[in-house]
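What follows is a single structure, written as structure tokens, with notes after it.
In order of appearance the chains are A, B, C, D and E, and numbering begins at 1 in each one.
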Amino acid sequence: MAEADNYEDTVKGKKEVDFAQFEDTKSGLLGRIQHALHVNPALVPLIILVFAIALFGLLLGQRFFSAGTLTLILQQVQIVGVLAAAQTLIILTAGIDLSVGAIAVLSSVIMGQMTFRYGVPAEISILIGFAFGAGIGAVSGFLVSRIKIPPFIVTLGIWQVVLAANYLFANNQTIRSSDLRAEAPALLFLGNRVEIGGANFTFGVILMILIFIALGYALRSTAWGRHVYAVGDDPEAAQLAGVNVKRTLMSVYMLTGLICAVAGWVMIGRFSSVSPSASTGVIGNIQSITAVVIGGLSLFGGRGSIYGALFGAMIVGVFELGLRMAGADPQWTFMLIGMLIIGAVGLDQWIRKVSA
Amino acid sequence: MDQKGISVMEPILSGKNLVKRYGKVTALDHCDFELYPGEILAVIGDNGAGKSSLIKALSGATIPDSGEVYLEGKQVNFRSPIDARGAGIETVYQTLAMSPALSIADNMFMGRELKKPGVMGSVFGQLDKKRMQDFARDKLSELGLMTIQNINQAVETLSGGQRQGVAVARAAAFGSKVIILDEPTAALGVKESRKVLELILDVRSRGIPIILISHNMPHVFEVADRIHVHRLGKRLCVIDPKDYTMSDAVAFMTGAKEAPVDA
Amino acid sequence: DDHTSACLITKTDTNPFFVKMREGATATAEKLGIKLNSYAGQIDGDNESQVAAIETCIANGASGILLTPSDSAAIVPSVEAAREAGLLVIALDTPLDPIDAANATFATDNFLAGELIGAWAAASLGEDAANAKIAMLDLAISQPTVGVLRDQGFLTGFGIDTVDVSQWGDETDERIICNEVTSGNEEGGRLAMENCLAVDPEINVVYTINEPAAAGAYEALAAIGREDDVLIVSVDGGCPGIKNVADGVIGATSQQYPLLMASLGIEAIAQFAADGTLPQNTEGKNFLDTGVSLVTDKPAEGVESISVAEGTDLCWG
Amino acid sequence: MAEADNYEDTVKGKKEVDFAQFEDTKSGLLGRIQHALHVNPALVPLIILVFAIALFGLLLGQRFFSAGTLTLILQQVQIVGVLAAAQTLIILTAGIDLSVGAIAVLSSVIMGQMTFRYGVPAEISILIGFAFGAGIGAVSGFLVSRIKIPPFIVTLGIWQVVLAANYLFANNQTIRSSDLRAEAPALLFLGNRVEIGGANFTFGVILMILIFIALGYALRSTAWGRHVYAVGDDPEAAQLAGVNVKRTLMSVYMLTGLICAVAGWVMIGRFSSVSPSASTGVIGNIQSITAVVIGGLSLFGGRGSIYGALFGAMIVGVFELGLRMAGADPQWTFMLIGMLIIGAVGLDQWIRKVSA
Amino acid sequence: MDQKGISVMEPILSGKNLVKRYGKVTALDHCDFELYPGEILAVIGDNGAGKSSLIKALSGATIPDSGEVYLEGKQVNFRSPIDARGAGIETVYQTLAMSPALSIADNMFMGRELKKPGVMGSVFGQLDKKRMQDFARDKLSELGLMTIQNINQAVETLSGGQRQGVAVARAAAFGSKVIILDEPTAALGVKESRKVLELILDVRSRGIPIILISHNMPHVFEVADRIHVHRLGKRLCVIDPKDYTMSDAVAFMTGAKEAPVDA
């Protein structure tokens, strides 16, 4: 056996010496690109987006590559975009929300029916819709954070419940644009637009972008944002480290519900009508999840940038409009979108691997 | 603090009759515990003796099935680690409690982030990243953890030992009443372990008592004022390291020797 | 290119009805040298995709749009935008709400289609109609208009009070045993029928939204050996459906003519592009009626019908 | 500092002494029940199932509580049941499969069209359908295990691609039951039935049960089964411990694809027709996931019994039929199923918590 | 084995010029390594020095960016830990590599399950659970890990130390050519650590060489035949514990003293 010398004395009270300066072999342009991709997870979808626009621009020429068409894409993705912002929050906490579309539709129906059936002033109806969205979010948040039911299951259930409630409440009535215009212009507010030389920005589009900027700030630069990431990363560790996991989850789900209700308002502006059977209720969840994953966010939570979701929604929008304009068969379009989902994430994976 | 007048013999943190069961396993079996002001109390015991369970019960990480916890003489009911932290008890858990994808700085300030001064901080809640990074860098340097190249590096890219260092630095930086360390040097190298021991002594010299769980007898006997010997889910005895040898301690905790009657 | 171009926008492109419609449109478009782009929603009721499709047609500079609206009221603002942009918009199969939101409507009278099979069923039962047990196999819980029109038309033809005619399921007549939804396919038809039979195994009249649902319902009846003593009626007149009438699976069906709707529509757009002529309505109606005929080999008194052989000549899909 | 004594000598070469015999306070009946619930994760859904049947039996009496009705439920859940068996395998590996229903429908279309359009003997067509299912599974497995794209994304993409291919390939043609009966009885094989006094067991139902028994055995009693659990639990640990994670995932996805193709065959037997627009293609995924989660399997992988999925599918079937028989409006049924999803999992969670 | 004739100076396992980079960090920097038959080779070094990276490269857990690995003189290209295990190299990783929800017995036999004799085993692949459980129980008893109450207990219900014990028992039971242990006693109590050390000596006496990574100098100096000192991603020197003191070793590895010139 070794002698029992006081070997630790060697390092006792030692001053810090020069440490570990490993050679840095990755430099130059390539190195910097790789680093940029690594640090900005939204860069890959942004590049795909630019590439997709360029591709269809080449293919379709002026018809596609005009201010009008490009801003039309924004209008076409505004609902999915807002839902994707909401979905991102949930996905960052390692959850998933199947109810986003249904909440949006029911919120829009509530805004409409409150005004038209119950005679509530439109502005108040909108607030009631918002409160409803946040309320449903609170229910989901409660079930997820307190009862500890997995988000997929909670929102699967909430989806069905909200969708059924939507049909029951709406009584299958569609509120038409002429009525809306005449009696409740506030409901149509987000359909207004600013034109800047051919480019058309509806208020809904502008609101969508503002939502992303606000959430981007909150996630990156506030304590709440750090907590959202920590909860998504490892909730137990976050709890032990002093994050109020339950409260963070509650806030995320309520905010998500609220944003979905905002999406409901955006829907009214975009379609100039209120209909309970809007397909957003059925496929809004998959659409928003598609946008988020094409945007490079990890479904395991805690990783990725919310801007990725915006770019993801736009990528889908560009492909859909581009393929439609090129006259592709709708089934081929669906097929290509399916491949795009896998391809985009595969590419992302590959880039990250190379640059790791 | 209105506790200035208490005698030194009043424990700052104590547990009475703590019980915690996991299914068929009784991890804590009517366990008592006392930590006195300004001391370093080591907790030793076999693997599975219930040491981690004990400190989790004290720090709000688990809620005991029965029994009471007292801080400065008043009963407390920590429902979560946040409560305990709010009361000034800082813990380094065996599992470290880090968010792997977040940076070292983010992890150090998790749950007590610093905000920018002025409107940006108070209204918009903007974080003061610069200040947090500088602070984190200082604390790690104190621990000699300069092998870490970048304070904004994700924790998942650190070696096991480096992570441990970050966790210890966090506790030392923020603990105001009690610091609990569950095997803080288990994954550390010789040099880094020494830094942690020095830090522990340093913290005590600032008047803050420490609970140290460790399997490293030389370390325990070097720094501890008293040693709580844990066995089969409860306190077997408390010994003074000046009165007993390491062999005695090991013999008590493994059941090779009868424990002394008085604590 | 200086081709005239047109758009066809259907509810979905998975329903054989719309597939036929597209084939009709494509054939006519090729004949007339028109470039045709087709669009469809992902699911029945998918208004969003149709809005996007209309926007695409405008951006593409098409001359006209043929549209089977998924949501007849909600789509109106987009149609208005298209018309403002100078496009001719013709509603096919399903009228817009209001109907004059489109330049023209080429459609089957769906209420009439329902009425025909309702009247046929009542007449076939004779006196037993008074204590019939009826299963209503509808389309979807969102109650799309075609489904409501046919359902309520059937009840009217059968002689049952529809209460609110813009909605199914609110009826109080005891002869209605159940309202179930089928998604308009075999799978849904069978499940719905099984559920109705579980409520009351004595059901003897089955209304179905379309022929695939009818085929599914038949299988459920066959499984308990009741396929021969139940009247199944349906709507569509697709070739498989007509064969099912011949085989006795379906008692009678109301046949509609999607190919006709589509080819007339394309011709109208070609005309409009050439000289701005607008299509005309059928005399006395506010749309161009492409006709509907009851197909059965067991004609009932007082209800006009054509034979299976005639139906086969006219069938689609 | 402490003296450097050879303190470790105390324990050197020690004989093992009496160790850690903690008191076991949980005994008696309650203790045994709790233990049973803990050890058999499928017990909770089984109890819910029995309870649901009893409930509707009380409510509806003989009409519901008859051999005919109860076996009708089995017939109604056979497709979802087979898909749920497939889904379980994926979920055990911590994945999720959105493509199960679409693969089933396209497989059935392939079986039908091969026979009717291309004149292949029906038996061979069935094998081609199986091969197709396994092939699609191989593609998904490759993308998941090699390219490391998350299963949700892979199967989201595959779902869209397969569904579009389904419509394109089928040409929207439905093959009718009279044609099937006349020309390809093999395709209808699983629609045959054994009657035992009122009770109707179709071959499809029997096959479903056999699939569960076989998978139950394989998962519990073979090395492959242990590997599936280990991969779902912690793939990195499994890899380091010597499991071929890639091969295990590949086998799981291929087997899943194959079982989905079997579900396609079951579909033909049940509907006596082949139609590309069967709703299973669109909602089969959600239905099967619902069954699995009501069956108490963890979406995080590595935990739960496959029998739970069978019970889960049956619970949904009992509620659906029961509610319809009780005369509930379809909307209300949807709403109640939504609540059931949340309720069942919440109950399960609660029981586990109490018995932990 | 056809390697009987080789001289004792031919290494059984060696690495040449191994390089492994993680982004900007060079975890292995042209590192050499040799393990000789029948010896216990300790690897020591600061946290983050690259010890774990080295043994991962040797055991197929990571694929080095460049450099070669030789087993019994022949170059090998392990693509995964399975390859290395197939070649007789058994490793206990710092992260343990356990499936938390599975039982102790399942974990011990993961990847090399025993099948029932006869048709049930060969055709139906049925596992021989009884045999596996008995074996697992024996191995754990040998390590003195009888605090574990039930061999079918899920690993996640074990204390950190107990888990470590299970992992070590697994490697010792199955390693045929080389056993690699990455800090096997880090989480263990005094008694359990001793058991592991005894087990290590026991394994060597069966002729199987061992690589032992440890921060515990007394343990290293007690059992090691040679000590590989790792620093800044490469081998600094190899010392004989009989020629140097623990203080020397610590001084070398921390850079406080120049390394001796010959290995």
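Convention: a residue touches a chain if its C-beta (ideal position, glycine included) is under 8 Å from a C-beta of that chain, and two chains touch if they have at least 3 such contacts.
Please read all numbers here as calculations on a predicted model, not as lab measurements.
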item: For chain A and chain B, chains touching each; value: D, E
item: Rounded Å distance, chain A centre to chain D centre (Cα mean); value: 30
item: Whole-Å gap between the CA centroids of chain B and chain D; value: 45
item: For chain B paired with chain C, centre-to-centre distance based on mean C-alpha positions, whole Å; value: 73
item: Set of chain D residues in contact with two or more other chains; value: 4, 6-8, 10-11, 14, 20, 167, 331, 334
item: Multi-chain contact residues (two or more partners), chain B; value: 22-25, 48, 147, 149, 190-191, 193, 217, 250, 254
item: Shared interface positions of chain C, touching two or more other chains; value: 13, 43, 141
item: Pairs of chains, among all present, that meet the touch criterion; value: A-B, A-C, A-D, A-E, B-D, B-E, C-D, D-E
item: Complex interface listing, chain A residues touching chain C; value: 63, 68-69, 72, 75-76, 79, 164, 167, 171-172, 174-177, 270-280, 282-283, 320-321, 324-325, 327, 329-331, 334
item: List of chain B residues in touch with chain D within their complex; value: 21-26, 29, 48, 217-218, 220-222, 232-233, 241, 245-247, 249-251, 254-256
item: Contacting residues of chain A [partner chain D, same complex]; value: 4, 6, 96, 143, 147-150, 152-154, 156-161, 163-165, 167-168, 286, 289-290, 293, 298-300, 329, 331-332, 334-335, 337-342, 345-346, 349-350
item: Footprint of chain D on chain C - complex, ascending; value: 13-16, 19, 43, 141, 169, 178-181, 183-188, 190-191, 194-196, 198-199, 212, 215-216, 218-219, 222-223, 240, 243-244, 247, 249, 317
item: Residues of chain E touching chain B in the complex; value: 22-25, 45-49, 52, 94, 147-149, 157-162, 164-165, 183, 186-193, 215-217, 250, 253-254
